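A quick write-up on the structure given underneath.
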Amino acid sequence: MKNNILIIGGGPAGLESASQLQRMGYNVILIEKSPKLGGHLAKWDRLFPDSVPADEVLGGLLRGAEGVKCFTDTDVRAINRLDKSYNVRLTNGITVLSDAVLVASGFDLFDAVKKEEYGYGVYDQVMTNADLEAYFKTGTDRRIENPGKIGFAHCVGSRDEKAGCRSCSKVCCATAVKQAIEMKQAFPNAEVFCFYMDLRLFGRHYEDIYLKAQKEYGVRFIRGRVAEVSENYDGTLLVKAEDTVAGKPLKVTLDLLVLMAGMRPSGVGKAIGDLLEMPVEEDGYFAVRSGIAASQRSPIPGIFLAGAATGPKTLPETLADARAAAMEVDRYLTEIFPDAKNYKQLVKERW
Amino acid sequence: MTPLLYLLAAQAPDPEVIDRIPSGFSPFVLPFTIGVAFMFSWIGVGLIRLLAAIPKSDRIKFAKSLFIPKTALKNIKDLFCDCLFHVKIWQRKPLLGYMHSAIAFGWFMIIILGHIEVALFVPARLNVTRGGLFYPIFYRYFVWMNPGHTTLRGAFFFFLMDFFLLYILSGIALAIFKRFRSIVLGMRHTTKPSLADRVALYSLWMIFPLRLLAESFTADLSGGSFLTVPVNHFWHFLFGDKLWFMPTWWAYSICLGLFFAAMPFSRYMHILTEVLWILLRNAGIEPNHPRKGVAEAEIYACSSCGLCLDACPMNVQKKNLKYSSVYFIRFLRRHNEKKINDIADKCLMCDKCHALCPVGVNAPALRRAQRATVNNAIPFDYSYLSTASGSTLAGETHATLGTVRGGTGASLCEASGGAERSEAVARPRVLPETATGKVLYFAGCMTHLTPRIIKSVEKVFKAAGVDYVFADREGGICCGRPLMLAGRKEAAAKVIEANKKMIEESGCDTLVLSCPICLKVFKEEYQLQGIRIVHYTQFINDLIASGKLAVKNTGEKIVYHDPCELGRGCGIYLEPRAALGQVGTLVKASKEYDESICCGGSLGSLTLDMKDRGKISESSLDSLLANDPQTIVTACPLCLKTFSEAVSNSKGPRKDVKVKDFAEVICG
Amino acid sequence: MIYEGKQKIWSDYQKDIPDDHYFYVRSCIRQSFFPASEATFLDITRNRLGKDIFETEHHTTCGGIAYHSDTIPQETVMTIIARQFALMAKHGYENYVCSCITSFGLYCETLETWREFPELEAKIRENLWKSCKLEFAKPKFLIHASDLIYKYRNQIAAQAVRKLVNVHTGEPLKVVEHIGCHYSKMFPSKGVGGAEYPYVLVGMIEAWGGEIVDYPERRHCCGFGFRQYFIKGNRGYSLSNTHKKFESMEPFKPDLIITNCPGCPYFLDRWQYVIAESTGKTYGQDGHGIPALTYEEVAGLVMGYDPWDLGLQTHQVGVEPLLDKMWVEYDPAKKFLGKNGKDLGAPAPCACLK
Amino acid sequence: MGKLYDLLMQDYRLKEGLNACINCGTCTAICPAAEFYRYDPRRIVDIVQSQDDNEIEKLLKSDTIWYCGECMSCVTRCPRKNAAGLIIMSLRNLSIELGYFIESEKGRQQFLLTKDLCSNVLDYGYCVYPRRFDYAGHPEAGRVWEWEEKHLDDVFERLGGNLDGKGPGAMRRIPQEDRDQLKAIFDITGATSRMEKVQAAGEKKAAELGMTMEEFTQMVYTTSDPKHLNH
Amino acid sequence: MVDFGFGLVPSSRINLDLFDKDKYRELVKIEPDARICMACGSCTAVCTAGKFVHTSLREAIEDILNAKNDKALESLQACQLCGKCSMVCPRGINTRHLILSINKVYSAK
């Protein structure tokens, strides 16, 4: 055994698959572009639906991946495909000869500035879900000073063809409900409004937190997408939407508006994908061999995918996907890879 | 009677009984006298206020009722059966009945006999100015028995007095025991006594032992019988010849005084008020206010016995005990508006407390009256009903149903027409084109949520060849009962008026209802002249009995649930059972007929939440499934829906029990 | 408000505006109500900036108002537009500058629709040939007249005799910008600065020393609504929309409103008059209104044109307080004189609006 | 799929303006008409995409489609690239084509609009012509317009205009040949026949209502039922 | 004041700033279920009164939250309290009490 496996991306998907593959006895090399492992998880405070501390989950992932060779601040400089392995030159000068490459490049948060009408980066009191998590972690944010009225705008950069992203980001509804509750906990006298188009609370316990938000915290859910944000003379925000249930336009003055920025394909991941000539689908995420039967395999033999690199996923889905990817890598390295003579034939039959 | 008693006394040649204390007074009688005088004046004033609060017409009705022989006879019967013998309690809980009747009847007899004794032996003392108020009570203190002239007559009374004292004491013993171990007497819950209750209660407990003590201390002077005389001997044996008996008479008097003084503020007020309540009730006067007038008699007639605690289906959860009728009445007495409203709103109106109440206090009616004080004033606009019922006139066949207008999806063209609301008025199809039948079937709102009832009823009607008209096939208006239950009498009247018009114009002679909620209000409030109002269980049972409908007995083990409004509400218990007996084998529920437990779905309660309702459904199911039936049959759409959901939500084998509607089972 | 955030967005919406040789088409409403503005535009571009800007007497309305009042079919308006394009091509121009925002939007939409549905363009070509025996060429650049002033804003500033500054306080004037809806709301990339934070007027104000005011209803329509104004019974709609904007800008106390749309300055001006006369409410200082000027009028003021040459007397809201703030010299006596000092009398005074 | 929907789909504005609507309400949220009329553009788009001919017909005969001011603000915000404004325009177009517009109070206004605007275009080559913009009919144009109206030629002269003059300039007289071309365009592209159709529908309606054309015109110009408004 | 033959038109825009927090708190206190409506419309779909005139508990709840208290009462004034809505509500809202409570709280001036 002891094949080399290169994992690109040190977020939850990369860490979990690294941990699994290492356990199987492979030699795992994990690279991470940023200085820190953990991806977006490292920036999050608590996780829906049960408000588990993100650090706790990340700690578990990091412990699992102990022993894996991790290079942070590292990107891929060049990749060339050898007979059936990959020769990967990293930006830190190291060259890895890898028998399988697992791309776990994750996602980028939608750049909320692009939704110009919401005024992120223009109006003082507009922030994103990530900003709010940072506030929860650090306890400070210049925008948050005992807000009386707080709004959450769902679907910012999701289900929006104008913003170039038709798909649903899957996690924002639950995140918004979670954050709405957390804001109510922090500011019990605040009025909290969630502007949604559909509440996509499909997971286990998700509906419970929705009910809890209504019943215990009195969060107001308004079915209508935020259409326009502007700044009042006193610096508060004027938010307009339609209450589509009532069929009437609506306005509300808010002290804080939180934009639920959705998931976009990772820009860094895209660059690596280009090096590997990995195909992407219309939505910008990497294409897979088969969306149902082989969703961890790239169309290119020897290249595997895990986590949000293949589309928006919740954290448990990402971890499950990472474990599945590890199994797929193992299957490839034991069933297809060893037979050098028939490699091409086997790929044709079994990839 | 008095002259006769004097006559009897005069016949005695030599006094058998000698007035021991010529003044006929001793200071120890004061506590009693004060207490009883206080009570009588309190009651006197209360009675005047109460009668004043009754509308004049009712007052006249009341006065007249006292002289109508039939009512008078019923009054006497009820007074004896309810006030003295507590027949209703006997019927359900014999031991408890014995306890109540021992105290009530025993005490009553002791008072009567005491007066007879005075009348016989010292008739002059009956005069109020000569101690008539207390003398008969403390007779044994004031007299000296002439040992040379003992007669059988005297001994007879001594015996009777001792007998009834013993009788009472046995009741008291049970009462004391009940306070600590109520379950033995068949009560799972007992009332929590208030302060006045406690004073009166402990006084009551003490009165008769003290009387025994006092009378036995003086038994060698004033005579006694099998109880007092031996006890007297015992005292002599214990204390020698010098018995100083004043303290015991004082204590006896004080306890009596305390009891009577506390009485107006305690549950024992019922002892006297019950009499008035029975008279008012039998006169047919109904409360129009939850606290004033007749209601006052009613709430003071409540003995706080607590039988309603066990009757109430909500009390399957201990936290709901506080919503029971007994507490409702207690708070009514105390004028605690907040609590009164809370309790009034919580009740399911299943009427079981009323059915089981020994004094027939109609607490649900009082609750409705209370709800009315809050809810009757809520504004409403039923102007559309006139249009709705107007369309029932023959020839109106182009019925269209209104669309429900919502935010999304619905047509918005009307949105531009300002008359959106009025334009949306639809006319219900009340009578189809071929309205020749004399039978009108009215399904009601709830039945429309359980279409299987409608389907089965129509199937049965068809099989039996019933020529009928389906009054509300396309949906009608509400019967008004839910509004009545919420205390919205005026609103209900409008709904009733509209429905009544529709029914009268239909020309039917029989109105068949499948919803007991409708049935109750149609029967009580609609006053449909010449139209027979029947529940479909009755109607179908008649069809079977007259051979028009053939049914097959499948031998299925069936338990029948008595819906509140059908059983307790309309007294229909037997017809559904008779019919069901023809299609299956009926098994018993542990509580049935008028003790049937509400399914929990009742519209009566305004504030009971889903969880609490679920608990009630569970307990009702427990009762129904006592004898392992295969199928639960009910004859109310609300029960059907509630039980169906409760069964499907429950775990274990219970899930396999089928819940069916009466008509569904009949048509097999 | 984070200014850098806006700058970032502005940098994303820069529009190619050609340097010279423009084919100019007029606006029906501006000609009718603000003839001096178009005259000033031509004077500035031709005489002050030395640009070649051509106007032919043969061009007509684009039909936009009739079209947006739903009185003529889409094909009709497109054929009229095609005829305008044919005139441009005939005179050898390819930079099409229009004075009207409705036209500008309609030209954009037409070109976009033709791009998407070439068969429609062919049909229009055929229509134009059948009706006028003309052939058209699509413009290389389609620009609005305000785009041109924007482009030359700094040159204008260099020639300016005064700034948009309150000379009494030394503070910059607070200016509200109002962009015609059809400028960039349909095609954000066709407008300088995009649809949400258009820069076309903001750029001018900044260059000329004023301070821009961003108020909540800034993006909102003036309420013209075509049929909603032309029919008297509908005018409540139009009035109410402007009213909403003024209620929203009121706390910011603006000195001036600058517009780039034909109808907007008329409505923002006259509805203030109607609000004042029918409710008593005024939005400027001491019972005055807030002057709503065209960008040419503002450019003319900073360049030292005589206010009565600019036609400021045809605004119902008096401009004198603004002129005083800017230290513009004017002769009140000449305000309503005709050419060569002809006495034309003066408008009747308003009951409420000063 | 309905017949009316098919007719609508022939309109390029609908082809351009209708993608699958997700009912998010951004259009209504910022719609100037939705704020002051009983109007919800989202629901209109929803009805059109339902392809339900009954509902579409109701729409075509209703006041609802005439509330829009065609400011096109909705176009900016729609996340699905719909254009409610364009959809309204194609509905109005069809309503006029089928003669349904005359059924509603607001639709009927097309009678007046068509008459005035088209004749402005054909007679002068302008949509708006100051001599036809009278203070009496437009009191809101203010005292200053009252004055201008009196001295129109002088004011234009003073302001560098060329009212009814030769050659280029503001409000010049557009040469007859150009106006002839506009007429030819009107004839060929259906505008002329539309004018005739609308005129005839108006005359018929006036007769139905037992009004003279003056009365009818006055009614159409001034009436506005409060039912159009939200309260 | 001059009459121009037309005038300002009232805005129908829902203004959440006008929402009456105190009254709502009062409502929630007597009927907490007010908070848990998810606007599914089941109540309105089965409404007995709704067959004749516009009646909707869903809308009434919405109207209250949208600061249109009078409209909420209007949406309920035809209600017959028949209770069908309580049987179909997926959240188990005690609809009848909610209706009564809305009336009690919001008809009190």
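Going by the order they are written in, the chains are A, B, C, D and E; count residues from 1 in each one.
Here is the rule we go by: contacts are C-beta pairs under 8 Å (C-beta built on N, C-alpha and C of every residue); 3 or more make two chains touch, one makes a residue touch a chain.
Since this is a predicted model, take the numbers as computed values, not measurements.
**Student:** Ranking chain pairs by how many C-beta pairs touch, which one is first?
**Tutor:** Chain pair with the maximum contact count: C-D.
**Student:** With centres defined as the mean of C-alpha atoms, identify the chain lying farthest from chain C.
**Tutor:** So the chain farthest away from chain C turns out to be B.
**Student:** Most central chain by CA mean?
**Tutor:** Centre-most chain by C-alpha means: E.
**Student:** Taking the mean of the CA coordinates per chain, how far is chain D from chain E in Å?
**Tutor:** Between these chains, centre-to-centre, one finds 37 Å.
**Student:** Distance between chain B and chain C based on Cα centroids, please, to the nearest Å.
**Tutor:** It comes to 83 Å between the two C-alpha centres.
**Student:** Starting from the mean Cα coordinates of chain A and chain E, work out the distance between those two points in Å.
**Tutor:** Centres of chain A and chain E (C-alpha means) sit 40 Å apart.
**Student:** Provide the C-alpha centroid distance between chain A and chain C, rounded to the nearest whole angstrom.
**Tutor:** That pair's centroid distance is 46 Å.
**Student:** Could you list which residues of chain B touch at least two other chains?
**Tutor:** 407-408, 412
**Student:** What positions in chain C touch 2 or more of the other chains?
**Tutor:** Answer for chain C, listing residues that touch two or more other chains: 195-196, 219, 232-237, 239-240, 244, 274.
**Student:** Chain E: which residues touch two or more other chains?
**Tutor:** 2, 4-6, 9, 11-13, 58-59
**Student:** Show me the residue ranges of chain E that touch chain A in the complex, using the header's touch definition.
**Tutor:** Listed in rising order, the residues are 12-17, 19, 21, 28, 32, 35-36, 38-39, 58-59, 62-63, 65-66, 91.
**Student:** Which stretch or stretches of chain D touch chain A in the complex?
**Tutor:** For this pair, the touching residues of chain D are 19, 22-31, 34-35, 40, 42-43, 76-81, 230.
**Student:** Chain B touches which residues of chain E in the complex?
**Tutor:** Residues of chain E touching chain B: 31, 33, 41, 44-54, 56, 58-59, 73, 77-84, 86-88, 92, 94, 96-97, 100, 103-104, 107.
**Student:** Considering the complex alone, what residue numbers of chain C touch chain A?
**Tutor:** 1-2, 4-6, 8-9, 194-197, 214-219, 251-252
**Student:** Help me check something: in the complex, which residues belonging to chain A touch chain E?
**Tutor:** Within the complex, chain A contacts chain E at residues 191, 193, 211, 214-215, 218, 220-221, 223, 243, 245-246, 248-253.
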